[in-house]
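To start, the structure itself, in structure tokens.
Chain nomenclature is as follows: A, B, C and D, assigned in order of appearance, with residue numbering initiated at 1 for each chain independently.
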Amino acid sequence: MSEPLLQAIDLQCERDERILFRDLSFSILPGTVTRVEGPNGSGKTTLLRMLAGLNDAWSGDLLWFGKPRSAHREEFLRNTLYLGHRAGIKPLLTPLENLQALTAGRRPLPDPVLRQALGGTGLAGFEDVPCRNLSAGQQRRVALARLLIADEPLWLLDEVFTAIDAGGVSAIENLLQQRAAEGGSVVVTTHHDLRLPGMQRIILGGGSD
Amino acid sequence: MNADFRPALVLRHDAVGVLSAMRGVFARDLRVAFRQRQDLLNPLLFFVMVVTLFPLGVSPEVSFLREAGAGILWVAALLSVLLSLDHLFRHDFDDGTLEQLVLQPQPLFLLVLAKTMAHWVLTGLPLVILTPVLGVMVHLDGNSIGVLCLTLLIGTPVLSLIGSIGAALTLGLRSAGVLLSLLIIPLYIPVLIFGTGTVASAAEGAPVGAYLALMGAFLVLALTLAPFASAAALRISLSNG
Amino acid sequence: MAFDSLSAFWVMEGHGPYVWSCYAAFFLLMIGLMVWSWRRRNAVIEACRRGIELKSGQQTQQAATASAASFTRVKVSQD
Amino acid sequence: MWQFFHKLGSPKWFFGIAARLMPWLLAGGILLLVAGIVWGLAFAPKDYLQGNSYRIIFIHVPTAFLAQSVYVMMAVAAVVTLVWRMKLADVFVKSVAPVGLVLTFLSLFTGAVWGKPTWGTWWVWDARLTSMLILLFLYGGVIALDRAINDEKSAARAVSVLVLVGVVNIPIIQYSVEWWNTLHQPSTFKLTEKPSMPAEMWVPLLLSVLGMYLLFGWLACLRMQTEILLREQRTRWVKDYVLAGRG
């Protein structure tokens, strides 16, 4: 059995004096897709931000390959890709420039590769148009282009399917499945009824206390 | 299910160097700023306008302006830096770029330093370049203008660095702009005192090397400490989101 | 005693108003701060007590019903 | 050691200790302060230079002294908040900041009033007064930031960062203000700097400073208790305490 990348033990998170979840334990194994489910306000995004290392108002243990994550933060950050609600797309820059900027600090790639990735998300021909002239879905696709070139073993994706049309959704589903087959791990939060073979589910309770 | 048969991905142990990551952050900020040139001009216009208010509001007499000129220019520069600080992290916070910045594997304080340097190049440096013109308008003599430019050259980066702490602390708050000023102005006082004091000494013909060295020490102190505080403050502000 | 009489103590050779206004401000603000802090503490205790009593009263009356979202339109009577 | 530290961080434990300490702090504080003030006002000899107006010193110095040390205490608590995430430390910072503000204001007010008979004007840009004015701004900033952030934990940590930045700046501010002062007013008469103070003057001064410390301790305990009650109102012990206590 392969070792889990990320292991959560007894996570508890309180927000505005309300306990979002407690005693939450799970493991993220290599080559798996994990879906975080729950109604609005159940803490899906918060959980993902905790896993990504953005939110630190929680208690419990998070282990990265069996070691405390806080002690291996840099290695963790190098090997984790997080895409949030707001995906880090600058409206004033073109898709290509955005992709350049987003990959520069992690793994710089030559422009033809970036263009190919943008083409792969259906943005061929829009590479040099400022993003503010693109639709919400297109802007989202600029961020998703990172998934076509990312080599981080762990992906944390918040609401990947937002603003994406039906064709795009099934293409992304394929992408996630393919990624898992390659050995990558994916954690997604989504309201979209995502069903992939072998998918792990983390179900968060309702918003009541 | 068949997870055991899947190949485990290789972990990356090499990262993009700190310097090239910093360069990337710096270049992106400059590029975004030049796409929105009006935002670059605003602090400069503000600077000129505030300076104009003093002859109109107090006195256009040469003797007054000569004596108060350095102080007026310094206060105006301080205020326009303060005005521009609100934007330092705000746009990045709104579009999610800041989250990606915090999650970069390089030390955050260095990336913040790169952003702050970009902020200085975009606001502080143009102010310094504009200063000789305004210095002539308030009847400063050549020597004073030179010293004033030097003090601003050393002082404005300190303003940006200290200001970045306030900008990071007030990120995402209501009426962040006013709050930012309240937090930061007291911390600006030493720089202001030495900036104007140095020019005053120069006008009296006293040597100013020691004062400039002292301001240099402020700059070094701000360079070494402020990015840590800003990085910590950014983490706190983002954790709340 | 550094003063010859009580009136000399009050006047303090002309410095009386300054000295006494300082002491007045000091005692006013300090006592004000102390009383305000004390009252606030008691008010918080009182608010907590009322909150607890209210809650225990509610629990006996009815079990909390989770509101399930059905997105049914709210009927507004239109007379 | 660690257990002690942990215990110290427990709000419930502190609440009990504070309740036991507070009567002593209050009684001792009032006693010392009143003794110092009465001695200073009525029995200490007149100052040969400033006359009777110097008697303001017996409240000016304690408030100024406290105002500065409260900020330093807040800085220590800020370190504890950021490094060890101890709850009590940030309760301390939050509860004590308004007290510091009031003390700073009082020292400024008394300083200004004292300045009138001494310098002839209500306000002189004296190094000490100016530094205190900036300290007032720093306190104001801390309180404003704390009020502006809704989330309790973020507020505590953000305020801690601000307090630390402020405490690094305080010596720089003081140094630069002194320098600025010599630049503009070559030799001003300093309010509280005395070449030698007779014992009849400094003993009452010492008493009132000590009294202020105790009184501050009482205020800090009281306000921290309030804050703890607010934060822990869902816990068992607070419920028990509230229901058992006076109605």
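Here are a few things to note about the model shown:
Convention: contacts are C-beta pairs under 8 Å (C-beta built on N, C-alpha and C of every residue); 3 or more make two chains touch, one makes a residue touch a chain.
This one's a predicted model, so the numbers in the text were calculated from it and none came from an experiment.
Comparing mean CA positions across the assembly, the chain most remote from subunit D is A.
For the interfaces A-B and B-D, the C-beta contact count is higher for A-B.
Rounded to whole angstrom units, the spacing between the C-alpha centres of subunit B and subunit D is 32. Each chain gets one centre point, the mean of its Cα atoms, and the points for subunit A and subunit C are 47 Å apart. Multi-chain contact residues of subunit B (touching two or more other chains): 239. Of all residues in subunit A, those that touch two or more other chains are 57. Subunit B contributes residues 162, 165, 169-170, 173-175, 179, 182-183, 185-187, 189-190, 193-194, 197, 200-201, 218, 221, 225, 229, 232-233, 236-237, 239-240 to its touches with subunit D in the complex. The touching residues of subunit A, counted against subunit D in their complex, run 15-17, 57. Subunit A makes touch with subunit B in their complex at residues 1-3, 29-32, 49, 52-57, 74-75, 77-80, 82, 84-93, 97, 101-102, 104-108, 130, 151-153, 180-184, 197-198.
Taken together, the subunit D residues at the contact with subunit C in this complex read 37, 41-46, 51-53, 55-56, 59-60, 63, 98-99, 102, 105-106, 109-110, 113-114, 116-117, 215, 218-219, 222-223, 225-226, 229-230, 233, 238-239, 242-243, 245, 247. Interface of subunit D with subunit B (complex): residues 82, 134, 137-138, 140-141, 144-145, 148-149, 151, 154, 157-158, 161-162, 164-166, 168-169, 172-173, 175-177, 179-180, 183.
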